[in-house]
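Chains: A, B and C, in written order; residue numbering restarts at 1 for each.
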């Protein structure tokens, strides 16, 4: 098991380095001069070359690269020239919001996917199955921004039962003490049900808009796997022992069907956490996605570089967890399948 | 085997179909048999005969697109056909159980053997503690000759060999002392020496626990060795029913006769071409109107009566057979 | 471990000598010897049977001989040519003369190719003209009528698929054909058909067969000589008649004993050897006879635990690897 893990960790580190090189190269390849962008079109050549020196753009490429990587891992994420703020601060202030949104979106997607997939397959139920597949189809085809807007129109404008865009928690509700920066979690940690409820209600619409496509992907995968596993001989044997359809399906089919979806789930989670620009835009959610897009447009290298490496680390970490989970959930991986 | 007691399992006119894209497949076409306490009944058939569907139909485990469309199954006098899944769940694994083929895929790969055995035990005895159930499970493993049962209880199916997995399945099927065991090709996927072991085990346990067993197989040798009575199944119907000795000495149905001749035997050295049965089993979605065996029948191919009239079950001495020309078949066997 | 196999009259077509195939162990530890010093010779036109249960190495053996897997040690001579010494091009030419029919009729056929295409492919690979006609003829020869040549595998029954596999193997007009469990996946009544077909084709085309099977009854019926394989080594090698009537090795006796006889009178009366324990596939041999832990004769005996018996010709034309040949047979004298 240890050898298995260390192999994966090494692979992960290699991935991160690969991502960093790619990020570095591509950003430098974009036409335009960052110093000029900062100083404006009327800047003097001396000012530009001075800023060049200050930004370190005069140094040889490999020096720049090394500085980039070592700075990242030592926590010095640089200075955002377009915003006038340290990158760490910028990203740090906005990351929890994206994280929270992504996590809840994933939770919704996952829980509903499992429930619906189970319901569609434990018995021959063409109606429920049809509904599930229709939902999946709609989910895959619906652009999140349109969905978000429609949801806002219906639930905020017309019905007025859910809050509108712009805030993560009700105006009158005091913020729970900041531990993670994720309001719902901080509220739980502080034992503050009112704050939790308010934050949760504000999350509902954006998380749903963000999560629907993921739900669609997951439910299709799970449904197909469950249907396939459901046909395996051991299910017949389990039923012949006297177990009911639902119990047999939940206890025996689901764990087996779930394994192949682990990888996909991990990828989906990583993607959701990385922030969805569009949903953040629609709901005016103070997340990291919008920040990154703006920085790209402004050629603010520091922000983009830091973000890319951060994403790479997140993906690698999640994949490591997924690999670990395979070992935990599937005894054949643990003990080495013989036959 | 008590010849005068009430049958523990009584199947009458059981009929099962599958609605597929290619038409309605009539897998089980009104079959009937009685199983007495302690009896060993063999059902011999090849693929496409409907034998597996029979076992599942009896247990009520046929799921859409299949369905049991008719007939009755009486277990200890109580009707099973038409009962709800919950009612049947109380009976499955307790009064009637299943030993399935292919031990490779018949056990949940991500759960330990112990957990799966305990599940069987606790399903029908909610009062038993987990610890006590585990103890029982260990005893069961010991009974089926799995070495070091305490340690192996927590291992997983992939860590057991094929023969051992099959023994676990037998243990699971016999755990709650059922009255009837349905064994569907229990040794097909096993090596011949392992097969001999498993059959010996099944033999012992079934006798010890007084269960009646329906052994479904395509292997005539196993039937000869193991079963008291035999049913031959072809295209969804039971075409011959007799005591094992009676059938093997002289089969009354041409299919049974042809099957016996087509198999190389380890005790008789044969040379020359095997008398093979020409053609292939019929498509159960498009069955001919006459006898379903007619196209391949050494006796009946092309005969007008066989082409037009599907034979029905009739008594012939101590046996039952579905053939217009069973007497002719018997005469051939005697002179052969 | 070489013993002189019984030399058939003419020059043998295939000579296997001390063939060994090892697989690297997974997590350190000893390598697994799937085939361990196997030697035998096959004469022209003979049907040579290799019988064994799962894990005995019989499939690995055929692949090692064909160099579909590279042998670890030993030699293979086909028609006098050293197979292991051939380069890629020469090996390819040789493959025309040595073919194999696989066990799984569905798995060994490409589901996207028509029957005709499947049988044409080998001809195309070897650059032989007139592929279409040859393929069509071969398919007809194995009993697939012309009207069906365009169909894909899923449209055929198991028996028919196996016939297509046979056609594919034979279309190159090989001299030697390996039949790897060709009938195990088929129904009983179809098995007889395919066996008869294989017999006929052998006569018509002058083929030599190596028939790999786990069913001893089928091997006895179909083969001239039989080698009984256990854990990678030959336990007994003799004519099928001898194996059937007068075998020497305890494992052979157990195999015979274990096959159920379709005759209740015979079946219930005879004594049987039922082996204890499971087949230990490919586990490294701890020294001594590899069959000893399950052997009714050798389980308790010191010499069986210490010394591995060599394959010896205990009777003319009959070899067995046993310290006490013939004893097990006395246990079941029916």
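As a working rule, contacts are C-beta pairs under 8 Å (C-beta built on N, C-alpha and C of every residue); 3 or more make two chains touch, one makes a residue touch a chain.
All values derive from a computational prediction rather than experimental measurement.
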{"item": "Chain-level touch network, classified as line, ring, star, complete or other", "value": "line"}
{"item": "Chain pair with the most C-beta contacts", "value": "B-C"}
{"item": "Where chain A and chain B are represented by their mean Cα positions, the distance between them in whole Å", "value": "53"}
{"item": "Distance between chain centroids, defined by C-alpha means - chain A, chain C (Å)", "value": "56"}
{"item": "Distance from the mean Cα position of chain C to that of chain B, given in whole angstrom", "value": "31"}
{"item": "Contacts with 2+ other chains: residues of chain B", "value": "161-162"}
{"item": "Interface residues, chain A side, partner chain B - complex", "value": "123-124, 232-234, 236-245, 252, 255-256, 259, 329-332, 335, 337-339"}
{"item": "Residue ranges of chain B in contact with chain C within the complex", "value": "46-48, 161-164, 191-197, 199-200, 218-226, 244-245, 248, 258-260, 262-267, 269-271, 273-278, 280-281"}
{"item": "Contacting residues of chain B [partner chain A, same complex]", "value": "56, 59, 61, 63-65, 85-86, 89-94, 97-98, 100-102, 104-112, 119-120, 123-124, 156, 158-159, 161-162, 169, 172"}
{"item": "Of all residues in chain C, those that touch chain B in their complex", "value": "53-54, 157-159, 187-193, 195-196, 199, 214-218, 220-222, 240-241, 244-245, 254-268, 272, 274-276, 278-279"}
